[in-house]
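Order of writing sets the labels: A, B, C and D. Residues in every chain begin at 1.
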């Protein structure tokens, strides 16, 4: 995990920018919105603001500042997410019952930690190199939580019967006709997988290794809402032969008949909740999102295709020149809606048919940071690509996101693959 | 249900006093405290503020004001508690996930409804008598919710690890030695049960009827914390022969070993959360509270006594001159803590060994108001007496409260009875 | 509990008759039928055969025979039902997973215990009076389990898609027109409740006491299947105003739309499983059975009536001359089907609107036998009358049966009551 | 799936041998043992005997015999396991409540189907080649169920407090010292994975493909009970850093502290239930079995090793000459206990760190047989090697078994791997 902050921005500045962004993302919220947890996977926004702060305090200030006095030791219990090595913590599903600490306390806590980290970065501490590494790590951690903040806010507002808009910015519409039916083609052979180069990466992107792949094609465009509507109208949710058994049992038991946030009006027309503008008609040209792995897998079988493996995805991305997205395009968007951009990065997280497992010679870190990625390597699937809610500096070709197969509240989407080159 | 507002207070004034009291009870809360539902029986404070308002709008304004335009029809869905006749409603356990309507919207809604009710009361509406009856009923309904507000707030704050105080008013301490070992004695014969006279009562307090009772004694004092600690130290929670089978299975499965809100410090000393002052040492002289029917029943068996029936309780109360409590004493208290007052009304709700069932010739009202009490008459037990959280004008000898046998978040306590006169 | 065996039958003979009857009731079973527990309340038939035997061994032989060697101490763990005082025992819901002890072992166990009890009864043991009391108690206990054997067998066979008949004896049909619309009338005043006289009774039928009742009528006939079909066709299961809230939530969550064992054929005709003959058309003239308290309560409200209290039922029974049923009629039946007999005893258990609570001065026995009835006195309702599956010598006017409000696998039925004499 | 029956055995003979073996495996059972389902994954032995028969009737007789009359169409509903395409079926967890069809009916059903299959094989049916393929497939299917029969019987008897032996054959003991510390070493490069040659294989063993592996070592011996006891005594079940988070939460919530079937006597000595002989002391020299993937994964981390991938396992097996086990050794054993044989096949199924996913160009069959393996390819892990309960002709190097990560009732064990060649 080497330095990735470019030379024009000091780490101290970067730290402040990241920290301010978390608070800025919460600006549209009402006080009530900060507190609740309508679903066990969703954390209250005030919890996110506290947890990322605790990460800096607990892993940097408490470790490296001599005689550091914690802001309030009672907060540890609230803001430790899952680090067994860091002591007891609140039951995850109980986060939404905690009205205290209040938001104002948490904002004070943030200011306190920000100041102390800034002092530490400006100091000549004998372990300044390690501290800088950890601050960079903490910024990446906070960026992950910025994406979770957005998806958790979407759940809180999008399951409220008033469907309040998060932002009034109009939803973008565009056609994606240009990309339909085009493929990235990758030939049989060995391909290099994993993070190369000097920038930051997570431990789970290592070690770099070779994977042997057979000829395949990968769609240049994501599956669109219109495509998915055809699957729905063709009885896709009822046709068991399209599904994994576990998948159709999931759909049946929860009566799932459409992506998350989709509702039908009295005339049968499909609407979906969007952060920008609230409830909107579904635009058939834009990428489908908020689908589970089960749905993505069934859709692909219906379409006569399959999901790519994470290795195919990464190999195709490298063939395509890295998939890096136009900066302007990325930073323009503040309505947090995936576009039919034709890029591999930055619209939806793309379900793959790879289980989240360690790479060969995976370097699991010692101690608490070894809990970060390494203890979730079972019964989850890998997603690739980054979404419209991912901070741009947090997306890259080798990034491995992972969720259980029933999860839909992230901006998850579908990209198809086929055997052979034609 | 005839008029009970005394001649010195107009109904319009009474209405405003009651309405203001609900808002006043919430004054100590932080914005976060209004939203959550840490337990399915506990409703968010902002929900209570809205629901009681909906009751006035839905059953009075919408019924009796020609061309009344609802404040916002979307609110019905939120604030209908359980009236099947009044249309669909939010799943009860989902109330705590609703961040909207915001508190500010609900306070606006309250002001709107208050003004319209005041106008209606001042009008010469042709059904003004029925309207006045319903306004009085709505005030009693709101007073019930004032007690629930306090017990729900106690749950929200008392299960938070910071144990924030609701009020800083010091907890009262006093001795109850004077009452120990004294009895109210009631002789064999027929006793009149049910609400008599011209004041307001609920339907379930009717019809007035005769019950034949055998000689019994009822303790003048409530069971005290010190008594209950002796039961605990004597292995009361493990001695199956003291319990109903359902009761000990409840205690075992939930690992219940003390009343709700009791916690043991490292030295083994018992503390309990109190609205006044937060976490406090348990005072052995004050009444035990926050016990389930199961615990009350087991305690009584341990003590060589039994719980009274609701008929015995009411007969004893009448023998004792009505149990009406000294006004000064009642209104003095704003820390919401039961005292060892020796009164039958106003300290804790007292579990009886009577199931909540209709009285002979019970006059179940037609329509929605028939749902108010009449559809809960199974698998609940009757409590009598009113608690420190009960508005004084809401307590009376014939009042029948009812809860399931495992409920403990109300101010529930224990009064013992014995067969025979000596 | 004084002697009730008539002078023409010795207790030793009575014991053997009762013991043989349990085995005889199992004669129609296949080996597989003895083992399973398709519902937690249903016990495997082989468990019943063992449990009643353990009762005699554990409470009589082990207590009164010097140096008694248990048949196999490992059996205690299996056959203790719920006596906490008698040591650990198998989790109730796990009974149906126990393939051992085998049936053949249990039948050996029965023979062993039968012989030893016979020896003991023939001896001049110094506590022979207490022993005879306990043997009589054990016979009544076994008769209770004979009824449970029949209802559990009915569940095992009646929920199997082959609907195998228990007996091929034809189902009786008859009309009940003669009884329709007739009442037993009881006048206001004090009535004596509880078991009087010298025969056997359970502790819960004591103490004898006075209850004050107001004028009421009780139907001479049970509600018939045809009546209940009218309720069903009138939307009874959907009309919330007819139900207790807990009741309609029960019906909705389990999708209950008819009594237990009723199934509709393709043409919409209702059939029900009967021990005699298997699946049969529902006969509208016979009493409805296998309904929960919730259904009985809703039906009564639909019919403009109510359920009687257990006190009204007993008082009416005494007014009607004791309700004792014609012997011939009772013993004739071996197809275990309720008839429209017009008797108060012996067709269905009749739900009352009385909670199962102790009578005044209830004499709860010391020790294990105090667990028999006394620890179930919460959240159950009383049923009166005895059913077609009740041994005749086990039915009487003061008998109090009790079950939770959702239970339907017993032969439960409905008798209506009304306020006033006309 | 080409023919694999050797030239000395006709398919008709093979069919009869396989069919007789299923019945023979049940010979030690008591009638009661055939019926129960103490755990949802465990099926009643009589269900297995019926289901494998239904497979032959439904997929061969009903398809290929003109005018075939099913033995009893009602049996379809019972014996269809999970084939959505073959119509409705009993809820899996309800199998153990079905006392009918009786065992005797099922044995008649078996004889009927055996005769008709024999007739068909002897006929000159125009599709005889396809029929022979399907009969061979059905035999493999039945052999899978023979293993399940043994593991389900072990669960039924091994969780019964009498711990009845399935067979009295003495348990084998032996030392495994010879194998300790030896490795199979495999060098970096491309390896061929999947079933090659002309014998039978399942669809999921195809297509044959290349996988690039890095240098690794694989232990020649399985982890022994003595090794696992050291892990337990070292606090292995409490040390969170050894576990996947999902794994330690599984162990905590179910209070798992040892492999399935292990119990501690009063002196602290570990015993385990064995089919041969019942409860026995744990032999430290024999392989540990009945562990979940979670436990295997944690053990490997404790031992400073890791689980192999399924590709490493297969590559090492081929390097070692195919892992084929000595016939004599295999067939000798009728006590169904894994040995420290040093073979890769035939002792325990070995958990790998590979998720069960399709191979490249996986040829999912059309129709019902496509449901056989292809619809379970999510959230399961691959096991390799075959166990002491696997029929010998059913084990091979390319065989992919798969179970969820919490399953322990199969004969599952652990083989360690390490990065590098030394």
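One rule holds in what follows: a residue touches a chain if its C-beta (ideal position, glycine included) is under 8 Å from a C-beta of that chain, and two chains touch if they have at least 3 such contacts.
Predicted model only: the values in this text are computed from it and were never measured.
Counting steps between touching chains, the shortest path from chain B to chain D takes 2. Centre-to-centre, using mean CA coordinates, chain B is 38 Å away from chain C. Chain D has its Cα centroid 47 Å from the Cα centroid of chain C. The distance from the centre of chain A to the centre of chain C, each centre being the mean of the chain's C-alpha atoms, comes to 60 Å. Working note: touching chain pairs come out as A-B, A-D, B-C, C-D.
Residues 30-38, 46, 74, 77-78, 90, 94, 96-103, 156-157, 159-162, 164 of chain A are the ones touching chain B in the complex. On the side of chain B, the complex with chain C involves touching residues 82, 84-85, 190, 209-212, 214, 240-241, 243-248, 293-294, 297, 353-355, 357-358, 360-361, 370-371, 375-379, 381, 405, 419.
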